[in-house]
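Going in written order, the chains are labelled A, B and C, and every chain counts its residues from 1.
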């Protein structure tokens, strides 16, 4: 069987290429269309908040960009290079696992349920991939991990196992763990949804710090409208696998154009 | 063709043996279920006089071999004045052995019902007996059916050991035919396939059916 | 009570103790085979190649659904039919090792399946290779849940060794049978065999439970 050849550009070139580009990306689970020919560009240093009702495909966007699952159609570029595809004999074919693994190095992800490795301490969680994947020396990896744990305020707990940490603490370690890989893009998938209200602040403080001091490119799926409004450069409202409306936070929250956005926001605000 | 002749000569014996095995399995299963429910509930009691005997029973029967238990019940019990016919001794031993394992499944199944269910029933002023019978046990039953499916297969396999006290089940017939014909591959091979068919062709589908039935009754989707 | 003779007990104790040693040896040898073979079965079932994983799956199912005693007879008697003589020990070890390998492969699989999906995803998001993911993330977490099952089957294989007596492996049951027929007394030998099994399997089970807790704690898991 010959692999299907695609005729997308093999590389994005020019002055102003986005760091992340979704081009007509479709994802289906059986008959269910979760992402429907999605187009989305994220510029370097931009903080994009993704909001929308459950089942609208917002988490799927992050999972596709992290290449946790395969897309059915379209193409994703990271830093101008295809993520979901690779060059083969002058054309593009679906990426193999090796290509995906290399491309994933550009991207870091924090999960709703942290997914720390429970049998490793906070520090061990943070040095595992730098040592094993990047081939860093253990001493360098520890140094970097300690800086990051300090940045998220978890240095004191560096030698604790995750089971001894609160949810907010675990999530902060998870952020440090992703940052230790020096990704170009950070993905936050409802990172505060599983947390008790009183510890949400410690995680949002860390994200705020990343935005203001480190100028990282970030995509954040969130239910916290206030935080999205405060922190993001752009808000995308997802509905039915598509971007229903997007724009600067003031516009989306202050003066939404789409009726669905208005309905969603008023329902969310009423619930609070 | 030789194989067909073999089947013609010995097929009836193997079928008779299989029927005995099925009979043994059903009787020991019935016994095991009754014992398991009683001992399992007793194990949950906080009264030493109630959980004590059940614990001793469970530990003894799970701590020793089924074969030892069969021999003991068949050869030693008569010395206490209790002589059992070999078929009876066989199914009682198997039933009591698997009943001990079943008791632990019953206990675990009941403990797996969320605490909120106990509290809700208590809050509705249900008596402990009603609470157990109407609220807890039906939910526990659904949880424990899958492991009971495995246990019944273990029970079927366990019945093969009664051949060693000369109950003429499938295992016994296979051994007998082997000792006269020396066609070991054929006879033991057929016996293995017959046991497999009983496990996966009778017990497993039956348990699946029972699980679906119970799930519907409890209103859960599987 | 009845006719229990202590002097007979003392007289036969040395022989039973010696046989206990052989029983433990048989259990450990069989378990060693089962651990290695079981890992092979488990990994073979996780490959994507249908020509490998399907037949192995069916084979494991078959072994688990049919009686060990019959498998022991099969291995012991089928060889000679094709000119391969197996003495009781190797035949017994092959049969019991194979039987428990199929059980252990399920335990390994269960352990691996019990690791939450998020762990695989976290490893993927950190670009860990599949081998690293297995070796550093999945297997360490799969061991504690598998440990309980592995412990149960260690005790289980020990309790199943009496079946080896039927092909003449001189373990406990076989020795008790010989003593019984030499002296026409079955009460003491059979009872003692039961007690010996209890004395070994109950403490072993308790130690294994403690060890499991310890392992979990050592790895920082709850």
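FYI, contacts are C-beta pairs under 8 Å (C-beta built on N, C-alpha and C of every residue); 3 or more make two chains touch, one makes a residue touch a chain.
Everything numeric in this text was worked out from a predicted model, so none of it was measured.
Asks: If I average the Cα coordinates per chain and compare with the overall Cα mean, which chain comes out closest?
Replies: C
Asks: Among the chains, which is located farthest from chain A on the basis of C-alpha centroids?
Replies: Centroid comparison gives B as the farthest chain from chain A.
Asks: Averaging only over C-alpha atoms, locate the centres of chain B and chain C and give their separation in whole Å.
Replies: 20
Asks: Could you put a whole-Å number on the gap between the CA centroids of chain A and chain B?
Replies: Computed value for the inter-centroid distance: 53 Å.
Asks: Distance from the CA centroid of chain A to that of chain C, rounded to the nearest Å?
Replies: The mean C-alpha positions of chain A and chain C differ by 47 Å.
Asks: Which of the residues in chain B come into contact with chain C in the complex?
Replies: 59-60, 63-69, 71-72, 75-76, 79-80, 153, 156-158, 160-161, 163-164, 171, 174-175, 178, 182-185, 188-189, 191-192, 195-196, 199-200
Asks: Under the touch definition given earlier, write down the residues of chain C that touch chain B in their complex.
Replies: Touch list, chain C to chain B: 2-3, 61-62, 64-71, 73-74, 77-78, 80-82, 159-163, 165-166, 173, 180, 186-187, 190-191, 193-194, 197-198, 201-202, 205.
Asks: Going by the contact rule at the top, pick out the chain A residues touching chain C in the complex.
Replies: 66-68, 97, 101-102, 104-105, 107-109, 111, 113, 115-121, 128-129, 132-133, 161-164, 177-178, 181
Asks: Going by the contact rule at the top, pick out the chain C residues touching chain A in the complex.
Replies: It comes out as residues 116, 118-119, 121-122, 124-130, 132, 136-137, 140-141, 219-222.
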